[in-house]
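Chains: A, B, C, D, E, F and G, in written order; residue numbering restarts at 1 for each.
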């Protein structure tokens, strides 16, 4: 069964999602069923990661006689849909499944009182399927299909609280943005198909040569995925969507955003990696977008009064760090001396920041959801003195806030450290912006902590008690992960991140799987 | 020469104009349902682009049932047609969900004017 | 609001459309069409039935139809047919083609009039996808239609 | 102001779309595509179907169709969820 | 297993950090234990004394979130006005920004700099 | 003049008449005008499809025309149902909202 | 009249029809008129697919565009309002 692992990664959550609407009468069982499915998927993704790290790139051909039969007899092109899983894809799949599990656990109590839960859990599983499909596939059109699955499931979940008008507003904004972006992705896929007559990414990357149509396709793909991952100034949908979605979906929605970031990296490094002389330009675009993203995101966050909206602006600003780190790596991709000096470390910082940010931002958004659960409001002006009432939430919030500001020994520290040093070597101005952003991040979280948790206990929150156990468990798991990743960054970097970085950098390895060359 | 290229690439030009019309609708119309119509025009334009990519001059449809004798070895490319089928279904799904959101927004806001549907900002 | 003309026309036309949809689904591997197209035509026939009746009749008639389970069953059947390939081959392998099972006949190479008993898993997948699509699209139209009857303060 | 800037962005983007479609290969003469050749010649024998498009949709690229079915399922679930009647029971 | 993260200009060692943590924890505890022992919770002692005035209600003395960093935001007023004007919340602007940025990126890639 | 050429001229004529209905759709002051234009255009286009299938000698193409011929009725019925509900009859005054 | 001339005449007519009906769908102030124009757009698009030898796609576009999308739009407009905002 080991060889069918990539197919099962998709089939099992799909099975769960298709069966969940049948449990309309008993919504508790639907929640437990979703929890079981996410746990199984998490185990499978661990197995997959182990396979990839020990054996290299895994290839799975859908519909062939054998899973590794890439080329049909007598032909030199791949014709079927092929999954090509390298360390980067397995790493993203691991984060997606982990976060879906945490989200399902948290949702068990968080949305208990609402109706329509069987559809909620089905959509949660479908969102997971979309992310897994996006990060594992090696086929361009398949990437588009799963991008749409993730986008539609995400926007439907954003509109879950349909008794609030704002939820529908955020939902249609997210849906519009994601559908326009994916249509442009489809258009550029059409351009590439018209040029080369194939859809496989590894095959295309060997065929691509510099051409006006190719460059326009690259630009369209770049800007569409940049919009889907929330780069400034196309970030407006991010605060709307993250604010209105139930807090249990937030972790998965974050991973969906970073799956688009993954697709952006994949397009820049693997699909168009063969066009060598133009890549420095793309790297500079990515770095500058990153700097803009982190600075504007954090300054907007400083003036927010809505707690979840503040945290979503921080999510934007942290995306900037990833873009900056990987952009620095992309800029020096063709300079082997600089690449080994700081490019590889920069990319490691950027990619390590993805999982770090997913963990601590989910933690923070979950604490915001817990505050909403007990107080019924998200306005920071009306909160205060909750630290005594909710000790676990407070501890989780402190851990998350320290991690996002890059204090040692929490996990944001290691990746930010790498990014500062490497971006300083490319251009000192970039590092200055990164550090200023970090300081402002700490400042705005001090604001949240002071106004929500500290201060005198208010009369209207006399009855408040700690949130139910599943929510606490989910938050504590993430807090422990935060501390572990921060204490031993070296282990994570060597086991998980550097293989992923090498998977992106080594283009020839990606191009030559399954005897294609 | 230039006019000749326009004559040959005529369907592609139509696609580009339709994309422009769709973007114009999304960017400058104030009614939400008009915006949804704009997205649908975009979708149709991309579908038309894919099908036009697959056409071979003088080719026949890739179906063997009761096909004329000349069709063997002279068929249009079938892959873009399969891709377009998928794309059409996705288009229907997206517009259905958008209309549901629009109905729900009208319930709560009492309007379909995009400039007034912005409680979430800043 | 519906007149006798509409009711009579609907009675004749609806059955015709449903049969035509079923034809498109079943002959998906021979003629143009397939699961999605046939399902859309079938759902259009059901939409005709919806629009030709009063709201109360529609509500009464369709509350017994298990649309949501039908959709789940269609999707699960599609997934299951694809999973058949795991018996020795890969996901989505067409195991039934040329095996002699139902729909497992051999197709003559070249131009032929088309035989229904071919196609392998394609025919099964067509049927399941058609079931899923007709249930899904009908439930979309139905919920949009039934919204008209709802009162504002129920929301 | 907003309208002028928006019009500028729109025209710029459209210009590149037109450029892309104009500089593409001529209509009706696709390059020699081995993938499509494989589908046309092997569909009857491998998938035993006369309709090549259906054989691609459900056999060669069947995984895409699974994604497509998933999209429709997602959209139906989303529509039913967004338009559901009852509020919170608390 | 080696836990030390080496980077071009520094290093991070969790063991060293733990040692420092324990050290400073002990120092902190020593300072704490030398504090005033006459403090007793839940007595009259802990109530605030405001020159004999009545203690105002909790809602009034609370520091609101909007008041924190008031000076900073006021100093950067012009920047924030520009930023607020960018965030209109209009659905169409989202797409127009996309078109504009797309045009710029395509110009850089295709037109050449 | 061969038979196939005759079919081609018939096709062009049908398409021309479809264009005429398109003009009615653009000008038509009331909604019922436009609905009727849609209906007649659908029928004409179904005829065009049948003729094109005959010209290229592909029998299976007729299915598409059948689908259109059958389904156009439903769209018209939906529009009619809407107009009845809104009391927008033929007697409604023109809005003058042509292109 | 040979086939090639017929093909190009069809291409030009259908392309014009596509652009005209799309423009009409955008310009009509009444949303019902816009939806009818979208139905015509879908019809012409289906004809174009048919001419480009893609009957599968043409059937899909016909089944969706002729009835279901129109029905969805009409029902949604029925639930909201049918007048576009006058700018």
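Note that in this section a residue touches a chain if its C-beta (ideal position, glycine included) is under 8 Å from a C-beta of that chain, and two chains touch if they have at least 3 such contacts.
This is a predicted model, so every value here is computed, not measured.
Shared contact partners of subunit F and subunit G, listed by label, are B, C. Chain centres computed from CA atoms place F at the largest separation from subunit E. Counted by C-beta pairs in contact, the busier of A-E and B-F is A-E. Separating the centre of subunit B from that of subunit G, both taken as means of CA atoms, is a distance of 10 Å. Remark: subunit D and subunit E have CA centroids separated by 44 Å (rounded to whole angstrom). Chain geometry summary: the mean Cα position of subunit E and that of subunit F are 64 Å apart. For the pair subunit B and subunit C, the distance between mean C-alpha positions equals 24 Å. Across the assembly, subunit G contributes 3, 23, 54-56, 58-60, 63-64, 66-68, 71-72, 75-79 as residues in contact with two or more other chains. Subunit E has residues 87, 89, 91-93, 95-97, 99, 102, 106, 110 in contact with two or more other chains. Counting partner chains per residue, subunit F has residues 60-61, 63-64, 67, 71, 74, 78, 85 touching two or more of them.
Going by the touch rule set out above, the chain pairs that meet are A-B, A-C, A-D, A-E, B-C, B-D, B-E, B-F, B-G, C-D, C-F, C-G, D-E, D-G, F-G. Residues of subunit D that touch subunit G in their complex: 51, 53-54.
Residues of subunit A touching subunit C in their complex: 4, 7, 11, 14-15, 18-19, 21-22, 24, 60-67, 163. Every residue of subunit G that touches subunit C in the complex is listed here, in rising order: 55-56, 58-60, 63-64, 66-68, 71-72, 75-76, 78-79.
The touching residues of subunit B, counted against subunit D in their complex, run 5, 8-13, 15-16, 19-20, 23-24, 27-28, 49, 52-57, 62-65, 75, 77-79, 81-83, 85-86, 89-90, 92-94, 96-97, 100-101, 103-104. Chain contact summary for the complex, subunit E toward subunit A: residues 1-5, 7-10, 12, 14, 17, 58-59, 61-66, 68-69, 72-73, 76, 79-80, 83, 86-87, 89, 91, 93-95, 97-98, 101-102, 105-106, 108-110, 113.
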